[in-house]
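Shared between the two complexes below is chain A, which has chain B as its partner in the first and chain C in the second.
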Partner chain A sequence: MKMDISPLGERCAKVTLEGRLDTPAVDSIETRFLASLVPGASNAIVDMSRVDFISSMGIRMLVSAARSLKLRQAVLAIYGVQEPVVQVLELAAIHQLIPICNTEADAQTAVGFPVV
Partner chain B sequence: MPSARLGGDAFGYFWLDDRSFATFLIDVSGHGVGAAMHSVTVLNVLRQRALPGVDWHDPGSVLATLNDRFQMDSHNGMLFTAWYGVYDAETRTIAYSAAGHHAAYLVAPGGGGPSPLGVKAMMIGAVPGLPYPVARTSIPAGSSLYVFSDGVFEITTTAGAGWSIADFLPLLTARHDSLAESERLYRAVRDVAGQRALEDDVSIVVATFP
Partner chain C sequence: MATVQLKFPGTNAGLAGATSQLHAFLEGAVLAANRRYQIELTFDEIAGNIVRHAHPTLDVEVVVTLDGPEAVMTFVDDGPPFDASSHTPRALDTDLEHAQIGGLGIGLVRKFATRLGYELTPQRHNRLTVAIPIA
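This part shows the complex of A and B:
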């Protein structure tokens, strides 16, 4: 699993994930993922277009981040999700906590931080 | 079967009265002592039916109450998926609900593929106050119900390909009478993965309805 985190304005970050978001991947990226977003209460958009698999551990990582950010009045949104991963996220009704968007622009709007 | 590391699967079944049979499976995210302890805690609550005010015949009531009781903020960040069903032997119907868990599958005699018994709802512990919808289906005589954890199909084959639930489902109808169903399925999955111990816990509950 590859992860890239870059600033997107003052209080928003863009996270790009690539590969299988399974238990070994979460073990390797979760600390940096959470530490990069939560303490600074940074809104986050996550590019999932190159994630071809997500396990329950992957869902837990996203939920943990979204909940922690929500407590800090920040939002995490995901976008570009591949169909097999969408099916797993729908099963878990993840949209009740995390906006699932089609495009990066939609995700920016969902976190209230559109970049013009 | 546990994976190479301590895991978080648990399952159980019990009669609620002389006509109602309940079965459940939970899968705590992650491995290690924390996941295993959380799994045991939830298992004990279910086995002892220690949720005051819950109607154990109502899967929605059971899962909604578990969700409110096991919020991740109060339980070391733990989430779990769950499937809970209650079979009524008089009406030959099963009521079921699920929390972030893939469908269970019903295989009826006389051919035809496995039928999914699934509900889309949030994992337990993520968001408080959620409802958990209940679905019902009839159970033909001789049917088998398969409730299992994702460790059964989230495997990598000996060729290095990632499996999915669609790859696993054909095994349900490839019955072989010389082995117990759960053992047969476990061996088949292990053969595909080519491993003595699988990557994730594997739990398989098979209920056959006379």
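This part shows the complex of A and C:
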């Protein structure tokens, strides 16, 4: 699993994930993922277009970050999710907790980032 | 019929290696993509739970058999007795602020598994069997 985190304006971050979001992968990236977003209360958009597998551990990482950010008045949205991954997210009703957007622009809008 | 036997230490590194082995096995099988995904998901949920919660001292043993209309997966570990087949999945969350973190794995497996069976072996090892339709 590869993860890249970059600032997107003053109070927003873009996270790009690539590979499998399974138990071993989450074990290797979760601490950095949460530490990069939560303490600074950054709104976050997560590019999932290169994630081809997610299990409950990956869902847990996303929900954990989104819940912590909500408590700090920030929002996490994901976008570009591949169809097999969407199906798992739907089984877990994650669309009720986290905005699942089609495009990066949609995700920016969902977190209130000013689109120019 | 095609079978793969996986034996790995109960660590994340062991789990990662076994995940790669299973992935390679399934790549060589004639399976619909969604069925392949369900088998890999079941493996990650059950084997991941064993690694994170059971802390086995002996290697975890997993056998995956593709036999006609179903895939049968057997997981054996020497952690404390735990009957995952009788575990009641928790309700799904509808409110992020009060969402529970974790606890979704068995519920996901139950969405597509047709059978879950548990046995405590004479050696007091957990043996969980999961069947997934692949036809």
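Descriptive notes on the structure:
Assume the second predicted complex is superposed on the first by the 115 of 116 C-alpha atoms of A that agree within 3 Å, B and C clash if a C-alpha of one lies under 4 Å from a C-alpha of the other, contacts with A are read in each partner's own complex, and residues count from 1 in each chain.
As a working rule, a residue touches a chain if its C-beta (ideal position, glycine included) is under 8 Å from a C-beta of that chain, and two chains touch if they have at least 3 such contacts.
Since the structure is predicted, the reported quantities are computational estimates derived from the model, not experimental observations.
Taken together through their common chain A, the two structures put chain B and chain C in a clash. In the superposed model, A:Glu90 lies in contact with chain B only, and not with chain C.
Taking chain A as the reference, the larger set of touched residues comes from C, when chain B and chain C are compared. Contacts of A:Ala107 after superposition: neither chain B nor chain C is touched. In the superposition on chain A, A:Leu37 contacts neither chain B nor chain C.
Contacts of A:Ile45 after superposition: neither chain B nor chain C is touched.
Taken together, the two complexes place residues 20, 22-23, 53, 55-57, 59-60, 63-64, 67, 84, 91-93, 96-97 of chain A in contact with chain B and also with chain C. By the touch criterion given at the top, residues 20, 22-24, 27-28, 53, 55-57, 59-60, 63-64, 66-67, 70-71, 84, 87-88, 91-93, 96-98 of chain A touch chain C in their complex. Across the interface of their complex, chain A is touched by residues 27, 29-31, 72-73, 77, 79, 81, 100-102, 118, 120-123, 126-127, 130, 150, 154, 162, 164, 199-200 of chain B.
Chain C makes touch with chain A in their complex at residues 12-13, 15-16, 19, 33-34, 37, 40-41, 44-45, 47-48, 51-52, 92-97, 99, 101-105, 107-108, 111.
Of all the residues in chain A, the ones that touch chain B in their complex are 20, 22-23, 52-53, 55-57, 59-60, 63-64, 67, 84, 90-94, 96-97.
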